[in-house]
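For reference, chains read A, B, C and D in written order, and residue numbers begin at 1 within each chain.
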Amino acid sequence: MTAADDATARLLVTCPDQPGIISAVSTFLYNHGANITDFDQHSSDQQDGTFFLRLEFQTPDLDCSHEALANNFRNRVASRYGMHWHISAPGAKKRMAILVSRHDHVLMDLLWRVSRGDMPATIPMVISNHDDLRDEVERFGIPYHHIPVNKDNKAEAEARALELLDGQVDVIVLARYMQILSPEFVARHPHRIINIHHSFLPAFVGANPYQQAWDRGVKLIGATSHYVTEDLDQGPIIEQNVQRVSHRHSAAELRGLGQDVERQVMLRAVRWHLEDRIIVDGNKTVVFVK
Amino acid sequence: MTAADDATARLLVTCPDQPGIISAVSTFLYNHGANITDFDQHSSDQQDGTFFLRLEFQTPDLDCSHEALANNFRNRVASRYGMHWHISAPGAKKRMAILVSRHDHVLMDLLWRVSRGDMPATIPMVISNHDDLRDEVERFGIPYHHIPVNKDNKAEAEARALELLDGQVDVIVLARYMQILSPEFVARHPHRIINIHHSFLPAFVGANPYQQAWDRGVKLIGATSHYVTEDLDQGPIIEQNVQRVSHRHSAAELRGLGQDVERQVMLRAVRWHLEDRIIVDGNKTVVFVK
Amino acid sequence: MTAADDATARLLVTCPDQPGIISAVSTFLYNHGANITDFDQHSSDQQDGTFFLRLEFQTPDLDCSHEALANNFRNRVASRYGMHWHISAPGAKKRMAILVSRHDHVLMDLLWRVSRGDMPATIPMVISNHDDLRDEVERFGIPYHHIPVNKDNKAEAEARALELLDGQVDVIVLARYMQILSPEFVARHPHRIINIHHSFLPAFVGANPYQQAWDRGVKLIGATSHYVTEDLDQGPIIEQNVQRVSHRHSAAELRGLGQDVERQVMLRAVRWHLEDRIIVDGNKTVVFVK
Amino acid sequence: MTAADDATARLLVTCPDQPGIISAVSTFLYNHGANITDFDQHSSDQQDGTFFLRLEFQTPDLDCSHEALANNFRNRVASRYGMHWHISAPGAKKRMAILVSRHDHVLMDLLWRVSRGDMPATIPMVISNHDDLRDEVERFGIPYHHIPVNKDNKAEAEARALELLDGQVDVIVLARYMQILSPEFVARHPHRIINIHHSFLPAFVGANPYQQAWDRGVKLIGATSHYVTEDLDQGPIIEQNVQRVSHRHSAAELRGLGQDVERQVMLRAVRWHLEDRIIVDGNKTVVFVK
């Protein structure tokens, strides 16, 4: 719900767990005039586990520049504990590319929310393998790139997309993009591509999950947002939700009902990513939800 | 929620769909002085579908005996439309056997609710492959049969259970019974054995679903109640529900959280079966929920 | 989920309960070649209750015109049982006016869904007391009427709105319309005005429900869609839903989180109204949900 | 889900917010050999707010006794920041009294879970104004005190209960205790009496909430657990949940459906209290949920 504001910075940390980390980090920040206003932490195991940390701090009384703070943190804290870490600057918004085919329900919701300031992002581009949604996107003043894909030009099309994306984006959202990305593409954006799968994973992987769900006679349908890895539908799950259905619903009606769940699950994943709330832990996620 | 009362009968019907069925059934009942007080129906398809019907009717002003009503229905309505049908007598309670191993949370809830009159059933017996829960069960005045099962005596043990059950029960509830029933056993009680699987089927079939769920990093865990068929975990699903979890929960904690969902999902399935709300349609169920 | 199609008609009935109604209605339809494909019914009480019925029937084999069917139904069935009833013609779409102030989240969702054919309605007009949303609405080719309201011209403004609406609409949706309608206005459209209240009624009636909810420290916030009557926030409830919140959320964040619930609850109410699924029963509703 | 174990201690803190608290607390613990394994915190406001903290720490490598640690914490940290604080000893279980009238569904669930070790508590006594549930309680080896209450002996009865409770209990659970406690009684156990109200507060305060809910025609019923204060049904809310209902349910059926929600909401509140997860903030609660 909170957009990035101009005085709040965020620190994310992953490192081998050991006593003293919280003391070291919090004392470091305190000594530099940073006031911690939100603090969340997780230890994956009491023995030899991994330590995960997300905190927000206020920067108005900082005794040095943002860059100096980061440098000092690296030298005095991060290196001692073997940390992977990231400090996001106050007010920084992530750049989010959207890839889409023809379904517009997730796309439109994202465009809307970003345009209203309801999500801390900018959208430098939308890329689609169809030209259908151009008008809808350009109305928001966002560049729309139509890159047709067929079985013969797949590698080329991906190369063109990668070229557009290279260095321009912090996160890529597949808002019902009906093409499978190559391992090479994925490797260029590790843990930065968010997909929505229209089932409650790991049930119903692959094509046509609503038809599969209808065939099996389930009483709840679901949707799953996850980071894309090279194994289709196997990446780290970010969020899931379900919707009750009954014998009265056709497979087509499941599809309709499911769209609202897809949208909801996608919005949460995107928001959490934009707010630096997600840390990937192997093939799982740690999500520091408000 | 409603217990069977002494004036309410129920009719269940399955037959090929065609125009005129509702008119025929409701007129037949009206002419015999039966007052329809609840009526639910489903057509699986507009073309060549199957018609499913459940209705409740009041019997005080019936112009004939319950038996005569059934006979007339067979001759005048059911035969004409090729119906599978069943009329439950007013006040009839189904006889429910419970099979259990060592987990008592589902068992105890069933014993409790039946003993309070909160579920329209009698419990003629509890059968277990362990002796642990004997005292808990006998306190309710219910016979407890301990039939040990090991890899050598499985067929024998099943034969002994079938002998006990034969003709004595209308439904068999596997309240965490940790043995796989043979196809022969299942065939003797088609669509009358209710199992609870501790996952959101079809995800995580087989053993240790909570560990599987933890390994996969899902954000919701679930439970599924279904009729047992000869294919393990593949029978018609009756009810499902889920519970939100996070990265903070260990596999053991998922197991604990899941128990409440298991119990809830099982209770609904059992109640619906006892109230004649479920009709099996191939490998699916039609559930006429209140 | 289902849009009206060209062969499906619907019958809604309310009348004093007595035996024989289902038989009379279903036999009447059968004799005219109407094939019942969905049938739902409710009796408010076993003694001296009210009987409610909704059914869908297929009209291709009807032996008379739609008008003749309605006339015959009136003479042969409805009059005998003292019915309030309505038959909607196959393919008929209700005309829906939307009244809105400045919040566009509910409005846009309605415009979108109708324009996609996802809701069986036409939108003859949008009326607003502000001019802000004109462009958004006119893009869809829908007339936008700006009728400013202030404390001096309220009666006049309402009169102007009534004039626009008179005979042109079947249902009026208050998509966050921040003006209280006079009893006279409401009386002109009884059970045809749908409002969304941003709380779980009857908790937090009146202004600023999110602030009230925050002050009270509730753990769930809600939204309620209801028909407007002359008593503010007291009309028959159509649908409600809730969203979990915690001590971490400010009143402003409750407002943000609540918008999704408002939208969802409003969409369901509107859809059900358009599909003739709601019958008002005193100050309550009977909702025949799929 | 987690029971207290023998090496995990917990610290709860409430104090005026200011920079440096996390650093001070975590460094203090680190210096004494305490390893923080769970840490949750909340600031009620960025300006002049209140700071709330809950943390778990491992004690095997502590360099002093539990008492010395507490003393040092008081002198070196708590006094400097004006803290209200509490350190629970490793393995400590709270003593929980249960007050009940005749409804046993919440009572039995508590007895069961404590007896299985599923909740970190002991139950020194059950007090009831009726004698009905004596056998059920004594089976668990728990003393049952029958203190009849009528309009003439209310003060006396309370005095007797207070005498029994005095110094013997850490928390009092009203498991459907149908008597209103006097302000004097409540004042003796501030924020230590947990009640369940069978509605979604603040809707339907007072008697017969299910009948009130039915009369209003709500589409969800709820239950609320809260700390008892001298204002009936107005104390700080701990947890709430809801259950979907429809026009088909009678007021009696709402009562039946509601019992499961009541039980669930009560169990969560009790568990969280036992695990020191709740801090009262004025008339609200901060709940550090796992």
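Operating definition for what follows: contacts are C-beta pairs under 8 Å (C-beta built on N, C-alpha and C of every residue); 3 or more make two chains touch, one makes a residue touch a chain.
Note that the structure is a prediction, hence the values are computed from the model and not measured.
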Of A-C and B-C, the pair with more C-beta contacts is B-C
By Cα centroid distance, the chain farthest from chain C is D
Per the C-alpha means, the centres of chain B and chain C lie apart by a whole-Å value of 37
Averaging C-alpha coordinates per chain, one finds the centres of chain A and chain B separated by a number of Å equal to 42
Where chain B touches two or more other chains at once, the residues are 246, 248
The residues of chain B that touch chain C in their complex are 19-20, 22-23, 26-27, 29-30, 33, 35-41, 43, 46, 58, 61
Chain C contacts chain D in the complex at 42, 200-204, 216-220, 222, 236-242, 246-248, 281, 283-287, 289
As the complex stands, chain D meets chain B at residues 1-2, 108, 112, 118, 246, 248-249, 252-253, 256-257, 260, 264, 290
